Structure formats: C-alpha cells, structure tokens
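Here it is: the structure, laid out below.
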Amino acid sequence: MRYLPKSPADREAMLKAIGLRSIDDLFAPIPTEYRLSRDLNIPRQMAESEIVDFFRQRSRENADGYASFLGAGAYFHYRPVIIDSLISRGEFLTAYTPYQAEISQGTLQSIFEFQTMICELTGMEVANASMYDGSTAAAEGVMMAVRLTGRRSVVVARSLHPEYREVLATYATHQGMPLTVAGFGGDGRLDLKELEKLITQETACVLVQSPNFFGTIEDVDAIAEIAHKHGAMLVVSIAEAVSLGIVEPPRQADVIAMEAQSFGVPLGFGGPYCGVIATREKYVRQMPGRLVGQTLDKQGKRGFVLTLATREQHIRREKATSNICTNQALVALMVNIFMAVYGKVGLKELAKQNLAKTAYAAGQFAKHGTVLFANSPRFNEFVVQTSEDPYAINSRLLGHKMIGGLPLKKFYPELGNAALWCCTELTPRSAIDTAVGLVAESERSVRSAKEEVEEVAR
Amino acid sequence: MAYPTDRKYTREHEWIQVNGNSGTVGITHYAQESLGDIVFVETPKVGAELTAGKTFGTVESVKAVSDLFAPASGTVTEVNADLATSPEKVNKDAHGSWMVKMTLKDPRELDALLSAADYEKFVAEEAGH
Amino acid sequence: MKHMTRKATCHVNQNEGLIFEKSSAGKAAWKLPPLDVPEVDTNKLLGASERKDLGNMPEVSEIEIIRHFTRLSTWNYAIDFGMYPLGSCTMKYNPRVNEAVARVEGIANGHPYQPEKISQGALRIMKSLSECLIEITGMDAITLQPAAGAHGEMTGLLMVRAYHQAQGNARKKILIPDSAHGTNPATAAMVSYAVENLKSDSRGMVDIASLEAQMNEDVAALMLTNPNTLGVFEQQIHKIADILHAKGGLLYMDGANMNALVGKVRPGDFGVDVMHLNLHKTFSTPHGGGGPGSGPVAIKKALEPFLPTPVLLTKADGTLGFDYNRPQSVGRVRAFYGNFGMFVRALAYIQANGPDGLRQTTEDAVLNANYIRKGLEGTYDLPYSTPTMHEVVFSDRLQAKKGVRTMDIAKRLIDYGFHPYTTAFPLIVPGALMIEPTESESKEEMDLFVEAMKSIADEVEEDPQTVLDAPHSTRVSRLDETAAARKPVLRWKPGN
C-alpha cells in the first residue's frame, strides 16, 4: 500500500527485534471472539486515477457550472489563488496544533495576525483563534454571557438564521437556559417593543444577527441600549463577513460571534467554515477557544505562544469554558490571507461591489415582485415576494442553469411566497437580468390567468 | 522548611492566621512551589459566604489550575488587591501574601486543622511519593 | 552534541515581522473587475450604518504576502518533515490526492442549500463515507454533522441523554476513567452530567471492581477510550459492557485511538453503543495547525431516533436527500451538514486503501509502536508492563533523579529534528512520555528516533544542563509563557 513506508523485510526485522513471530502476536490482547477474520466490506483499493475519476463524476452530479443566488449563511465570493498556494505548503497543511511553540512560530504568528485583524474589523479588543463555525460560535457566545452575568435566560431574535437558532436550542436545552424568541417588524428588523417586553432581570443576553438573515441591518445601538439598561449583555452574530467592509460593526456589542467563511473559505457544501468570537478584554478569561499571545524568549526575541490555556479542556477538564479542542486553524489561515490580500482598501471596495450588485437586483425585482423591508438598510441579501410559489420559479431557473433565491416558507411561513436572494461581486448582471425576466414572466402569467378567470366568471 | 507557627494549615495547602474573630487566608510555600509561576488568582467578592472545606476560588499557573479550599466558614471582609496586578508575589513569599480576610462563623472549626509541625510532616509524606 | 545530526542539519530560516509592519498606504494585492451594474451612493443606501474607517487593516502587495507566509511556514515543523510521535493524535501522512479531489469545482463550490436534485454528487459522497464508517465501526447508523471530536462527544452524550429520557429517567452521571483526554469531562459537563472518576488498575486498565461498585441506575454511560491513552486494549471489554448494560447504562467509546483497531476489530462487536471518530486522526485529513477536524458519531439502532437533524436518506426513486421529519432528534449541533470538505478527504483515504490497505495500516501502526517500545525499554521507565497497541507511555522517573523532566527531554528532542511526544497526559502517569508513531513512519525514521531518545538519556547523565536549556537550534528558545499569561498581549497595536 503506497502510503506505508515499510518493506516485508523491514517488518520481519522489526518483529525479530521485538522477539515476536508474527504480527498476530501483537493483536493477542484483543479477545478472539472479536477479532475480524474477514475483510471489511468496503470498496476495493483504488488507484489514484480511479479516485480522481470518482470525485470528478460526483462533481458533475453537483450543480457544476451553475450560477447561484443563494446566501443564507454561506456566501460565494472570489477566492484569490494565492490562498491555496500558501495553505497547501506542507509546513502549514501538515503541522499540528502549536503546543510546542519553538517549532510552531509560523502557525502562531499567523494566528496572532488573524486575531488582530478580526479585532480591527469588528471593533472588539480581543478575538480567539477560531470556533467551528458561526452557529456554534453564537451558542458559545451566549454561554459566555451566561457565565459572566450569572443569569440564565436568553432573548433571541427571530431574524437570526433559523439553523443558528436550532443549534442554540440544542446547546441551551441541557444547560437550563430558557430561550425566548423576539419577532421582527414590518421593517425586517428585531421588534424593539417586543424586546422591551421580553427582557427581564433574568436575561443574560440578547442575541441578534446583523446584517440579519434577511440581509437587513439591525438597529444595534437601540438594541444595545435596551439590553444594557436591564443588565443584560449583547451578543451579535455576523454571518456575512464581507459586510464589515462597508457596514459599521456592532461596536456596542459585548460579544461578537462571527462566521468568517466569506473571507476566502470555499462553500464546500456547508463546511469546514470558520467561526470566531471577539469581545472586550475584560471578558477574556471567559472566552472559549485557543488564544495566541505575544511574549519573549530567553534571549529577548519576540515570539508567540498559546496562552490562557487554563480556560481550556486539557487543563480545566469539567470546569472548562468549553470542550473545544480541535478548531478551524487551516481555514482561519485562509481567512487571514484573504484579509491581507484585500486589506484596508480592498475590503471596502469588495463590499461596495456587493452592495451595488444587490441594489441593482433588488431594484429590478421590485418592478415585478414585492421586495420586502425596502425602507431598511441592507447589505447583499433581500427578500422577494412573488405571486407564484418560488419553488416553481426556481424550477424554471434551473433550466437556465441558475439556482434562485432560497424559498423561505419552511422557516417563515407567514411571509408566504417569499425567497431570500443574494448577490455578490461574482453575480453577473446577465444572470440577474435573466432571473428578473423569469420572475416578470411568472407575474405576468399569474396576472393574465387571474384576468382570464375573472373574465370567465363575469 | 519550617512552617510559621502563628497559623494553622489545611490538607489542601492553605493557611489561616487568626486574630480574635477574624482570619487571614493564603496558600503555603509548598503549594506555590508545586504550582509553579502563578499567573492568576480568582477570588470571591467582599461579602461572599465561605464554607469550611468548600472551594472559594482558584489559583492558576501556566499549565494548571488548583481550587482554593476555605479553611473555615465565614464572610469575606477584604480581598488582597495585589493579586490582580502581581500574582507573582505569592511565589516570592507565600506566607507573607494573604489572599482574603474573613470573619469566622465558628472558631472551633479551626481545631480540625493542622499545626505547623503536623503540616510539615504531612508535606514531607506527600513529597515522598 | 555527539550523535546529533544523522537526522537533521541546520538550515536558514529568515526573520519576518508582522504583516502590519510591512503595511503602507497605496500598496495593494487585489483588483476587482469593473462593475457591470450602476455605482451606488453608499451613504444614501446605508445612512448611519455606513462604515467610514477600516482602522489598521494592512495594505500590502501580493509578493509581500507570498514571502510573508512562505517565511512563516519555514518556522513550522510538519508531518511532511518527519515524525510527530504525539500520543493519541495519530499524526499520519496527509495524502495529497485528498487535497486535489476536495478542490474539484462542483465539490468545492457546492452551496449547502442548493436543491437536492442537483446535489446528488455531494450526497453520494456523504452516503459512501457513512457506509464505510458504519462497516469499519460495526455500528448501525451514523451522523456526520459534528465538527470535531469534542463536538462529536457532545453529540453522542446528547443522544445518550435523549435515550435515557425516553426511557423515563435521564440519569445524573457519566463515569470517566482517570486516564481520559480532557475533552471527555469537559463535554460531560456541557451536557449537564456530573462527572465521576473511575480508577485504573495496576495494569492501566479499568478497575472492574470499581466499575461494579460505581455502576447504578444514576449512571447514564461510561466514556471509554479503547485502546486507552496508555495504548492498552481493555481485555475485559466484554465484562465492562455487560456491567453497564445490566443496569441500563450505555457504553460510549472515544474513537481517538481507532488507528489500533481498523480492520482488525470493530467496537460495535464488543458492546459499544455510541462512539465518535476523529477523521483528522484515523482517516488522514490534515491537522492544518490545529483544525479543521470532523467528528462523526456512530450508534447502535436503539439510538437512531435521536440522531441530529437532518438525516441522510434514500428516497423511493433511488435519489438521495435529507429527512427533516425527526420528532425525537436531539436537534442540530451546527448549521448545514458537517465539515463536508473532510468527508471528501476521508473517503479518498478509504478508497486509496481498500480493506487490505486499512488492515495493513493498522498492523503497521501497532508494529511501529511496539518497535519503539522495545527500543526504549530500559532507557526510560515503563510504568505499565501491559502489552500496548498503537501507542506507548513511558515516564521520566529515571531522568527526574537528575532533575530532568519529560518537558525538558521533549524540548531536547527538537534539536534532534523531531517534534516532541505528548507530555501533558495521561494524568495517571506523572511525567509521561506518550508516543504514537503511526503507520506512516519507516524503520529508518524510527531508528533515528530511538537513537535520538537514547542520546538524550545519555546527555541527562553526563550533561543535564544541555537538556534543561533545550531547544538550542530553533528560531526562538523557550518562550516566557508565564509573562504571556500574566499580562496577555493578544493582538498587535500600532506603536508596539
């Protein structure tokens, strides 16, 4: 087997050195009744060319070459090629967690840079080295607030990504953290009056997303005021990291739980992605996840180490801030390189292009369907309501090798025939025009069908 | 080493110096030596209720965390502010660095604690393992 | 240094500052294509939400980025350089075909919400991997959703709790051996179970008498790693499973050490009810400096109703899809379906091996660990004489007499061109040297390792200060971790 660097002669020599006759002797500790005497029933060994072929086939069965208007927590942005050139280096790809700092300075310094840039972008004072993804980061952010305030209940915005809310519910159920959901108003934002009613002296935190699931930017200032007034913390989830290029970050938040996938991480059918938690310095000891700190070596040279490790599972065990061990280091490195490539000016220009594409698309859709929450500021997503079921419209779009907006009925049935559309810098105008055209056609057919019916009825 | 005789000791390596109805609490030289460089001490707030034998805080070194166990029951009256800024003082002089001062609910609890001589013996046994 | 450099010689690695230290206004590494839609007035669209300032984000050119990260990379040790004998981490070769197939466009760019009809490729990958992992573990069903081992532990324990709740009594505690990895108790606490420690016996295995005494109807499960962190296979596993099952408890297995079992024995066959796998250990997905991982959880049928939502299924017409109608599910443990990129890599690894390759891999892993054990016996103290499988644990007891501890020996090993072994656990061996070579090491590499360890033992006798001050040959010497923890500096600031 080509990954195994031993010849039969090597194995024999080794067995002899150990003083055994056969490899079976080494498996003697396994009770006979359990030892497998047959081959595993899995596909036979494949040549590399066969493996590549298998996955190429799967790729063809997987919407290869389609234009997509999907967002909803996973965004299609351009990935600069140097990301893969650099992260594919064996020194990054095949390195371990940097517990032995002297021979991991490459990993450690890049994490330190990552932590710095996340702070700059989010307006927070400290950031960790990554969490699994945005959804678990939000749940961990909430648990941080619970630990810090000593209170147990949580108010969650309904305009937070539905799957993030599901994850929070799973984490919360067994930690005795009652969750209440605050709805959104006609402006697509968290209903502040409802929030006032739901928040109590037992509320540890309010959790909102901005831009929210609908792409609408929340009034974070107002939400923060209400939360802080009642002694609760504000945890803000950010799912579309590119928004930070042009949208003011939620500086009044106590904890920001982010998904950095938009920064150079492939869509990859849902993972691996890159969650991050950023917060104020005073909360750092309650922060989960690894942290890299700057220090000096014995000669006074600058170096970096994993620090404040006593928060973590390998030391604190059952009293740890989290059970997280493996994080998303390689993916965070992709994010790091992306942020360095675009930088101070590029991130703004990139965000502006997203804004422009979306404004154009929303404007065009509004001529035929209804674009909801039109009077609230938004980033790169918007909701379109149509007369026809969006599944039917999307079916037609598939014929043009396009994937339309995400139908929202299963998450927000009260919005009726609504779908969530996303445009990024990669969405061609021609695709937008085609999609708009199909929606226009759909509205026309429905209208004329209605007219026909009314005609007949008369 | 010779442990100061003006105080009593717990098996969890805390000491308590009694003055009338109040006690001053810290950790022993043996404790700071085992922990290594102390980086952080987590203490209760003034007014907190302590119960003898129960944990009331933690001491962190780079690689380990140890619970602090209350030598006696009572209420915290003062917390040493030095701990937040210079935890290394505990390493330099464990017996001279106090952590919390407290009122004692029941001074008789102290009878169950070790004298300096007994603690010295106890530590010698522990270290021998 | 006498025996030094058969393994490694010095090489140049360049100094490099922080990326912010090379930043200068006007440098750029990006270029966007011209807009094909009208420009917008940001202020009009966003009003007060408009961000004016991106602070100290860097501005650098492409070549500076390439040089920056290339130089940084030369400061790392990696599997591609040589052995990482880290216990229970399974630092095996990360095959490059895995990376190539993960980047095929339709796979790399699939959106998790694209219609199932045009996601059959991704779903088929998930199904194939699921089937292989179920066969390898001898279990009945699996979820691929958890993002890493600890996440899988949490998912597994959530299902344990749901199972017991459905029986009418959620129960209160989890038994965890004192040799366990730290994530085990941390996870139990997250799921609101109390942790009760289970002693190991003199041979390093679960003390059966203690288990019998501690097992009752308040115990939901025992979290077992098998082989355990000493590399010892629990020979009484049958009895352990029986004791638990007799009182309605479940046997959870931490699959971190599966590299000793694949193709030779299946946990499902020896009584395990629920277990997690670490794709980034046993199944070759890259460690990447600390992640990403993937922690699928395999279960017996009784736990099937509680699987996280959604569950992969085959529809009546033969196509694949997701089932969201799962009333007894524990819910979701993350958005979307799991670390799909890792599924691709793990499946490619399984395909490259086939049944014979996987079995040979396991045999080589166990052979290698025992070869090293034989080589170092006598030089280092072996606290347990029990036969070991894919990893072995020595202690620093002999060297401690000279004031040298396991961490010092580990740091000196760096000078010999190797990454250290695990020093931090298992907790039941004070001063542990936990060594797992994996099957990826050749006889030559292991001979160099044994030679290096023997040389260090000599140095401890003749010149302990060299070991205490190690490493001597790295870019940075030992770093002041105390200062880093007392006054944490967690980000760069201008003017630093």
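As written, the chains take the letters A, B and C, and residue 1 is the first residue of each chain.
The rule we apply is simple: contacts are C-beta pairs under 8 Å (C-beta built on N, C-alpha and C of every residue); 3 or more make two chains touch, one makes a residue touch a chain.
Remember, it's a predicted structure, so these values are computed and weren't measured experimentally.
Distances from each chain's CA mean to the overall CA mean are smallest for chain C.
The chain with its CA mean position farthest from that of chain B is A. Contact analysis places A-C first among chain pairs (by count of C-beta pairs in contact).
Inter-chain centre distance (chain B to chain C, centres taken as mean C-alpha positions): 38 Å. For this pair, chain A with chain B, the centres built from the Cα atoms lie 46 Å apart. If you average the CA atoms of chain A and of chain C, the two centres end up 21 Å from each other. For chain B, residues touching at least two other chains, in rising order: 39-40, 60-63. Multi-chain contact residues, meaning those touching two or more other chains, occur in chain C at positions 424, 481, 484-485.
In chain A, the residues that reach two or more other chains under the touch definition are 309-310, 315-316, 319.
Chain A makes touch with chain B in their complex at residues 285, 309-310, 315-316, 319. Of all the residues in chain B, the ones that touch chain A in their complex are 39-40, 60-65. Across the interface of their complex, chain B is touched by residues 424, 481-482, 484-486 of chain C.
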